[in-house]
Structures are given as structure tokens and as C-alpha cells.
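Next up: some structures, all given as C-alpha cells.
In the two complexes that follow, chain A is the common piece, with chain B as its partner first and chain C second.
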Partner chain A sequence: MTTVGIPRALLYYQYYPMWKTFFEHLGAEVVVSPPTTRKTLTEGASRVVADTCLPAKVFVGHTVSLVGKCDCIFIPVIRSLKSKTYNCSKFLGLPDMTRAVVPEAPPILEIEIDINRGKRRLYQDIYKLGRHFTWNPLKVKEAATAAWQSLLDYRELMYRRELILPQAMEEITGESQTGLNMILKSQTVPPTTIGLIGHAYLLYDEHINYQLIRRLQQYDATVVTPEMLPGNIIEASVNKLAGKAYWTYEEEVVGAGGHFLESGVDGIIGIMAFGCGPDSLMMDMVHRHATRQKTTPFMCLTLEEHTSETGVITRLEAFMDMIHRRKQKGEAVCV
Partner chain B sequence: MKACLGVDVGSVTTKLALLDESDELVSHVYLLTQGRPIDAVQQGLRDIRKQLPQDVDINGVATTGSARYLAGVIVGADLVKNEITTHAVAALHYYPDVQTIIEIGGQDSKLTVVRDGIVIDFAMNTVCAAGTGSFLDHQALRLDMSIQELSQRALTSQTPVRIAGRCTVFAESDMVHKQQMGYRVEDILYGLCQALVRNYLGNVGLGKELEPPIIFQGGVAFNQAIVRAFREELDTEVIVPIHHEVMGAIGAALMAHEEMATNNGISQFKGFEQSEVKYHASSFECKACPNRCEVAEISQDGQTLARWGGRCDMWERVSSTQLYSSEEIK
Partner chain C sequence: MGNLYVPCRAVLEQLGVDYVIPPVNSQRTLSLGSRYSPEGLCIPFKMTLGNMIEAAELGANTLLVPGGYGICRLGYYTRVQEQILHNLGYDIEIIQLGVSERKFLGMMDIIKRVSNDSPWRRILSAFRFGLSKLNAVDQIERIVQKVRPVELIPGTANQLYTRAVQAIDNADDYDTLKRVKADYLGQLKHVAINEQARPLIVGVTGEFYVVLEPFSSFDIERELGKLGVEVRRATFISGWTKFSLFLNPFGINEKSRIHKAAYPYLKRDIGGDGWESVGEKVLHAKEYDGLIHLAPFTCMPEIIAENIMPSTKEQMPVLTILCDEQIAKAGVLTRLEAFVDLLERKRRKQNDQLRVTV
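What follows is the complex of A and B.
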């Protein structure tokens, strides 16, 4: 039986249930690299040029940790998911970059998803991927349909039942995800709702974001993430804020940000990686709208390879203080 | 006399402030941290005690600054608060109508935007430390003058030269270049001050509305040349509070008072005798998982008081020593 390795980084967070279903339907076994640790990051950073972004370094680190544990590594390339949207070049060159910097890696399974080229080409590409496991097109089709269904189920868990991504992942794959169990809150203080915006690979990698969600929960905050918002709402917000989406993953930042600004959360925190081109544009757009709107506090945290978490903690504490004191003052005025 | 104590341990200086029941400043101390925060806090406690009457009764203690958790363990803090909040609380206490708070310390510079007495936005310098006190100190040292002299001489400048302020490395090479071209030192120094102010406004102040009244606090506010540069650049009055250098500690004391008043608690303050206790700080690499966290611990007479620095809370509970066979993972 073939073992397919999947690095626990970048698109893993959004699509893993789909990939797992696809490969398992084709009779393969799936292994995921263990959660990010300092070793993963150091290993990844030591192999790429210095100005590669943090999430890409993490990705390389995960790939290295899969060497010797699988027969091939699956690295999809997502060019576009909607017509006339574009993705960052780091995503487009991911398999080639990995081959270059991890020469000891087993063969890399690729698929290029580009909606711009039409559905026919997409189906051909899926079949090409499936052919590594079977010659029977019907079997590939069956696997692809099941995979798509599990992605829909996964998303539904997040936006209909408001499960935070790791919980949904755990429920659908049956694999335990480290940590991030919702803390049951005592309702002594009025709950504070924080809208988080940013890519899933930053929001849910506890190592690189210094356990952000866990910390927010410790400050008695209810966290709402982009995955918990239904697609049509997010899409409408993107159109409102930015006109037509340009980037493939614009919804997670601009869409969610726009929605949070309108839906009345107590504060919005944006998470981006230092040196990320698309994010620097998208976060700025949300920031500008927040400044103009004046009612919802917004803060952007930039993640980098700092080993000290002090900077992030001080900002988070100050942000939560700001919201709490604002609420206290507001209530005092009402009374 | 009942009083509340605020302790602010920053990267470069340590500040203590004591407020009485009506939140009046009774006494304060300001000393260098010199990379030894524990000693600095103990020295601060010793110094402030000398200024106090015998009957002083500490009702609440709060710590702030980058070493707030460490300081909190030593003094027995009732509240540990970040320095952004404490600075805002102190500024609002003295100037209820403040709209903008500029705070520049040893390694951090911050901007807090206040409207109607409520903090609505803040920013902190990110990857760059250009324009903070440490850099000015470094430049003064390089020119073989004290930081006071740098401030005095820069103030006399009439025709400042332009220095690149984006990056401390570039600023330094720019200054060297201008010196070698023969410009007056005074003009170069004031040019440097202007560059730092420009950098602050373009970095920390980016996209923020800086409305007057503007309060400028923190150690760098001692530097009259920087104050002048801010006034000229913003074209408005910049208020420097009398106790601008201990505002963080004052804010902490105010918050300690507030906290004790709402919770009616008894202070955890360990007493001024703590200044004589021998503390031992150490660190080790935890080997329990591949993260290899650098865990710091502080102990007194061989008994661990607190640990931090781990990604998980395995070491933070002091009793962990018994739970884990420490020899294996330490």
C-alpha cells in the first residue's frame, strides 16, 4: 500500500479532510507530519533563502520531517479557485521549491487547480493525480466525489455549528488535534467577541502564532474565525470593501474583516506573516475601513521568527484591556 | 498612611511610584535596570523606603513593563499589567482631556490614541528600534558626550542637517558622513532628533490621527531637543508631564488602587524586606518535546517561586517538580 505524506502546513488546515478522503478511497494510507515545533521551523529556515516567508519555511520543515515516513508527498498547487483570482507565487512554486531544497524527499505528487482553465481541465488533472493509484477512471471519480463531500461536511461543521477549525478537523477525521479545546467560560464577565482574520495556516499553527486563540480564550474572549462565516456573506463583504477579489484567499482577510466590521464584534485582530505581499495589501484595506468606521478596534499582529513572545503578549493584553475598559465606560454611561 | 505601589521594570530603567489614598504621588524612584531586573527592583524598594514615613501601609501593588511578571513575583503583585495600559491610565489621570499619548522608552516606542477619555487605538514599534532611548544613548556614547549634553547642544542648533532616520545603521553612517563633511555637531545632533521624530511618526504613528492635547512621556521626554522636534513636526503644543519618566509606575499604582477598591482584597505585597532576600534566577532547556523551550525560573532559598518561558504550562505550575521526574527532561 502506498503511503502519502501531507505536511501539516499552509493549505493543510483548509483541505486536509478532502485530501485524506481522496487518497484513502484510492487505497492509499495518509500520514501527516507532527505539529510544528521549534525544530520544524529551524529545519525549514536553514534550507531556504533568508527572505522566504515564515509559513513557507514552516512548510519546508514539515516536508523534511516526512522524509522516510512515506512513499510520496502530496503538494497541490492552487492557482485560482474563482475566475480571475490569483495566488501568491510561493504557492505556485511550492512543489518545485520543495524539490530543490529537500532533495532527499520522496517523489512529489502534484495537482494544479486552476479554475481559469475550465472544468474539463480540472477533471483531467484530478484523473491524472488519481492515476498514480489506479487506472480505473470510475474509481478516481468516486474518490473525488467523496473527497468533495467531506470538504463540504468539514466546512459545514465550522460555519453551521461554529466549531473552531481544529475541533471540526478532529470530528471529521477522527484524528486528535493538539490542544485548542474550547474553554468553558464562567459567565461572570460579559463575554467579549473577537473576530480573527488571516489565513488558516497562521491562525491555527500554535507554534508560530504563540498560542493566540488559547490566550484570547484565557482573557475570556469568544473567538470567531473566518471559517465560521458562510461563504456568501464573506463574498459579499469582499465585493463591498474591495470590489472584485484579486487574491485567491482574499475572503479570509478582506471578506471576514469587512463582515466583522459590520456585525459588531468587540474587536478585530488581523494576523499576518512578516513580509507577506498579499497580506500587507489586504490587512491595510481592512485597517483603513476600521479607522474610517471608528467603532470597532482593529489591531494587526505580524508574525516572524522571534523566539520571544513578549511583543505579541503585550499587544494582546493591551488590546483586551482597551476593549474591556471601553465596555466598562460604556456601561457606566448607560447607567 | 495607606498607599499603593507601582513598579515599572523596563529594558533600560526601573521605576517605582507610591500613591496615597487620594492618588497623590508621595514619592518615586528612577534607576537603571542594567540588565539585572531583580537587583533593580530590590534597590528600588530600598530607595523608596528611605523616603517614606514609618507608618506606611501598602494596600496594593501592581507591576508593569517588560519584566512585569518577574517583578510581580518579587514584590508579590496584586496586579500585573502591560505598559501600554498603565501609561494610558496615568496620562488620563493627570490630563482627562488628552487625545494623544506619545511614549518613548529605552527600547519601545508607543502611541496611544484616546477619544472622550477612552483608549481607542494604539501602536507599538515593530521590527525597528530606531528612535528609542537606547539609540540616542549609543550615539551620545559614540560622540563621547552624556545624553544630557547631547540634548543641550542639539537645542542650540539653528540650521539642522538632514539625517536618514529609517534605520539606526543608516542614521549612524549618515551622521559620520555629515561629520566628515564638516557640519557643526549641534546641527547634526538636532538633525538626528528630527530624524527620530520623523521615523516615529512615519512608523508608529502611521495612519493614526494625532489630535491635541498631545502628551509626551517616558524617559526620552527628558530630551528637550526631541520635544522641540516633536513640536516643530506636529506644529502644535506637546505637553511633557512633570513626572513623565515614572508615568508607567504611576499608572500601575492607580490600577492597583482601582483593583483593590473593586475587589476589597488584601494585598499580596511581600513587604519592603524583600529587598534583602536573596533571589536566584536560572534557566534550563526543557527536553520534554522538540520545542526545547528555554524555561526561566526564580527561586528563593532553594524553593522555586515561579517559572515561565515555556510553550505549555507544564512548568508554570510550581509543583510541577513533583509531577515530572525533572532529571529526565531538564
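What follows is the complex of A and C.
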């Protein structure tokens, strides 16, 4: 039986249930690399040039940790999921970059998803991926349908039942993620709602964001994430804030940001990686709107491997203090 | 960007459009641009924003900017820049030349719009005149690249080049243009050169903007010329217009050779010029002594290229220089000198080995 390795980084968070279903239907075994640790990050950072972004370094680190544990590694290339949108070069060059910097890696399974090339081409690409496991197109089709269904279920869990991504993942795959539901201690502060915006690979990787969600829950804050919003709302606010969508994965920043600005959350925290191309533009867009609107506090945390935990905590504490004070005073305008 | 202003001025002048050309890129342009840009953006964004502000100061109310879908972040820049300009209080409209989607026709439509509906005949002839100016400038630049490292009196070629660009810029009709071009080509031919010299050949590749805009890369080509190195570069604006505007829609792609070379290491277009950078290294590994890879700091496609380059089978020394507003000229020069020393030593070693075997 073939073992397919999946690095626990980048698109893993959004698509793992789908990939798992697909490969398991085709009779393969799926291995995921263990959660990010300091070692993963150091290993990844030592392989690539210094100005590669943090999530890509984490990705390389995870790939290295999969070497020897699987027969092939699955790295999809996602160019666009909607017509005329475009993705960051890092996603497009991911398999090639990995091959170049991790020469000892097992063969890489690639699939290029580009809606602009038409449905037919998409189906062909999916079949080509399935060909590694079976010659039977019907079996591939069945696997793909099941995979699609599990993705829909997964998303539904998040936006209907408002589960935070790792909880949803746990429920659907039955694999324990790190214990996000464990709340350390509650403090006596007024309950708040905090909107988090940013890519899933930053929001839910507890090592690189210093357990941000858990820390927020300690403050008795209800965390709302971009995955909890239905697609049409996100799309509407993308159009409002940034004009026609240009990026494949930026709706989770602009779309969610735009929605949170209007839906009356108590504060918004944006998380981006240093040197992230799309985010440098889109986070700025949200920031600009928040500044103009002057009603919702907005804080942007930029992460890189030199970010210190204390720095993040201090900023988070100050931000939460500000929100609590504001809540107690009942001010409408943030100063 | 580079000498692009020459043909643009020609087109707009012929059409009688009221235009301003922002001042040549300077430290002020860069400071203005980086002060108002989000910090994580690359130097082309900051420079062009600086240009826009300077143009607005001169009273421009419409800006023409090339851009479009699918070319890294660049396709999105104008939308953000427009917002920044509005926040600064400039009432300005940005027209994006959607060159990557509609090629020549899209560009023509927009030229027609800004020229207050001039007749097509006039637009086309103006455009043709602009193109021939562009070709003339690039032709002269190619010769200058060859003369620079071997001239006996340093600086001659550079002087001629500056004068030639100015003369071409001033030429009003085809006759003058032709005369000026022939004149300078002749003068360049007669520059005293060292016939015996076998200069090192270094390729310059990387991101379009920093390669073509001397200010952002500290005029790296001139500096290399001073060190006695011949520069080869595949990116010229005239080449780009020729293929992107006219031939690509017919399926002729000058880059297919480069893409084919890069294919074993990078299988697809990753936006920007990343694919080409890898391809150039593979393609010219035997021909060049070394390669200088220019990229703006935080440029996404070039980072991927930079990661892939060292792993190619075709070996060639590559020096990656990241350009941003923090970079210092002395630092770049030191690195260039060290790189050239390294290449010289490598060549000497190869020659010694040859002698031994003979």
C-alpha cells in the first residue's frame, strides 16, 4: 500500500479532510507530519533563502520531517479557484521549490488546479493524480466525489455550528489536533467577541502564532474566524472593500475583515507573515478601512521566526485591556 | 522606468496630449514612495508611487500605468496606489493599461481615450514613431554594453549613451531620428577600444523593473562596465513590446526557449519573471562567466527562483542582489567587486588547467 505524506502546513488546514478522503478511497494510506515545533521551523529555515516567508519555511520543515515516513508527498499547486483570480507565486512554485531545497524528499505528487483552463482540464488533472493509484477512472471519480462531499461537510461544520477549524478537523477526521478546546484559566472580564482574520496556516498553527486563540479564550473572548462566514457574505464584502477579487486566498483577509468591521465585533486582530506578498496589500486595505471607520479597534500582528512570544503577549494584553476598558465605559468611538 | 519615457513622450506629443513626465527617479522619489507605502511592498511599488506623487505635484490628473491580471502583485498595485493618492488629497485618476489581457488592442483603446478621440490613423502613426524611438534607444544600449568594458578612456561610452538618449528624445520626425541614430552608432564604433581584451561576461537577469531601472539597482551595468565586465541582458523594453503586444497573441513566444530550459526545475509560470530567471541560468551556463540576479526585496516570484537556482545541474556562479530602500551603494559595490574577483580567479584557473593539458 502506498503511503502519501501530507505536510501539516499551508493548505493542509483548509483541505486536509478532502485530501484524506480522496487518497483513502484510492486505497492509499495518509501520513501527516507532526505539529510544528521549534525544530521544524529551524530545519525549514535552514534550507531556504532568508527572505522566504515564514509559512513556506514551516512547510519545508514539515516536508523534511516526512522524509523516510512515506512513499510520496502530496503538494498541490492551486492557481485559481474562481475565474480571473490569481495566487501567490509561493503556492505556484511550491513543488519545484521543495524538490530543489529538499533533494532527499520522496517523489512529489502534484496537481495543478486552475479554473481558468476549463472544467475538462480540471477533471483530467484530477484523473492524472488518481492514475498513480488506479487505472480505473470510475474509481477516481468516486473518490473525488467523496472528497468533495467531505470538504463540504467540513466547511458546514465551521459555518453552521461555528466550530473553530481544529475542532471541526477533529470531528471530521477523528484525529486529535492539539487541544485548542482546553482553556487554561478564565479571568473576570466582560465577555467579548474578537474577529480574527488571516490565513488558516497562520491562525491555527499554534507554534508560530504562540497559541493566540487559546490566549484569547483565556480572556473570555468568543473568537470568530473567517471560516465561520458563509461564502456569499465574504464575497460581498470583498467587492465592497477591494473591488473585484484578485487573489485566490485573500477573501479570508479582506472579505472577513470587511464583514467584521460592519458586524459589530469588539475588535479585529489581523495576522500576517512578514514579507507576505498578497497580505501586505490586503491587510493594508483592511487597516485603511478600519482607520477611516473609527469604530472597531484593529490590530495587525506580523509574524516571522524572530518574533518573540513576549512581544506578542504584550501587544495582545494591551489590545484586550483597551477593549475591556472601552466596553466598561460604553464608548462608541475608539480613540 | 529606464528609458521608457522616451517613446511614451513621443506618442503623447504626436497626439497633442497635455502630459507631464515626472522627474527622473531620485532619492526624493524613493523617500516619498516608501513613506506612504505599506512597509512590506517591493521597490517597484514604492518607486512608482513616488513617481505618481511627483507627477501629481506637477499637476497631472490622469496616470497611465501598465498592469493586468496574473503578473504577481503588480496587477493589483494601481488599486492600492489610487487609494493612497486619494488619502493624500490628490484628485487623480489611474488608468490601467491591461496589457496582459488585451495586449495591443487594449493599449490602443486607452490611447484613443486619453488622446480625446484622435483618428486611428494618427494614433497608429504616433505609436509607430514611439516604437521606432524605443528600438533606436535599445539598439544603442546594446552596443554600449559591448563597448563599455573594453574602452581605453573610461566613461566615453557612457557619455555617448547619455547624449544619444537625449538626442533621440529630442528628434521630432523619422529623418532626424534616423540621422541621430546613425550618427551615434558611428561614433560608438570609433571609440578607441582595447582589441586584445577578453572581458568576463556576466548576465543580468531578474525582475523586470529593477533590471531596467538603473536607479533601483545602483546602475549596476555601469559599475560592472567600470570593472571591465561585459554585461548581457535579455530583458529590453523593445523586446517586450515586440512580443507581448504583437506576437504573443499569435502564439509566438520568444521566451519558450527559456521556459524549456527551466522546465526540469520549475514546471510552470509563477508570475513575474521567476521562470525566466531560472531559465536564463540553465540556458547560459556555458556562455556566461557568471549571473547577477536582481530582485526587489519581498518579491515573491524571485524568491522562488532564488531557492531553485542553486540546485540546477548547470553550474554557474550567481549573485543575488535584493534591492530595497535600505540598500547602500557601497555595499553593492563591494559585493560586485568580490563577485568579479571570484569570476576572474575561476577563469584564470581554467586557463592554467588548459595550459597544463596542452
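FYI, the second predicted complex is superposed on the first by the 320 of 335 C-alpha atoms of A that agree within 3 Å, B and C clash if a C-alpha of one lies under 4 Å from a C-alpha of the other, contacts with A are read in each partner's own complex, and residues count from 1 in each chain.
FYI, a contact is a pair of C-beta atoms (placed from the backbone, for glycine too) under 8 Å apart; a residue touches a chain by one contact, two chains touch by 3 or more.
Bear in mind the structure is a predicted one, so any value in this text is a computation, not a measurement.
Partners chain B and chain C, brought together by superposition on chain A, fit side by side with no clash.
Judged by the touch definition given at the top, the superposed model places A:Phe274 against both chain B and chain C.
In the superposition on chain A, A:Val286 makes contact with neither chain B nor chain C.
Once chain A of one complex is fitted onto chain A of the other, the partner contacts of A:Met322 are limited to chain B, with no touch recorded for chain C. Once the two complexes are overlaid on the shared chain, A:Met97 sits against chain C while remaining clear of chain B. Look at A:Lys39: by the touch rule set out above, it reaches chain B but stays clear of chain C.
Contact with neither chain B nor chain C is seen for A:Leu165 once the two complexes are overlaid on the shared chain. The larger set of touched chain A residues comes from C, when the choice is between chain B and chain C. In the superposition on chain A, A:Leu157 contacts neither chain B nor chain C. In the superposed pair of complexes, A:Thr310 makes contact with chain B only, with no contact to chain C. By the touch criterion defined above, A:Cys72 reaches neither chain B nor chain C.
Fitting both structures onto chain A leaves chain B and chain C with a minimum C-alpha separation of 6 Å. Judged by the document's definition of touching, chain A residues 274, 288, 302 lie at the interface with chain B and also at the interface with chain C. Of all residues in chain C, those touching chain A in their complex are 38-41, 69-70, 72-73, 75-77, 79-80, 83, 87, 265-272, 274, 297-298, 300-301, 303-304, 306-308, 310-311, 320, 322. Taken in their complex, chain B has these residues touching chain A: 66, 81-85, 117-122, 124, 126-127, 207, 289-294, 311. Contact residues of chain A toward chain B in the complex are 37-40, 206-207, 211, 274, 287-288, 291, 294, 297-298, 302, 304, 307, 310-311, 313-315, 317-319, 321-322, 325-326, 329. On chain A, the positions that touch chain C within their shared complex are 48-49, 51-53, 77, 84, 86, 88-90, 92-93, 95-97, 99-101, 103, 110, 112, 242-243, 246-247, 274-281, 283-285, 288, 302.
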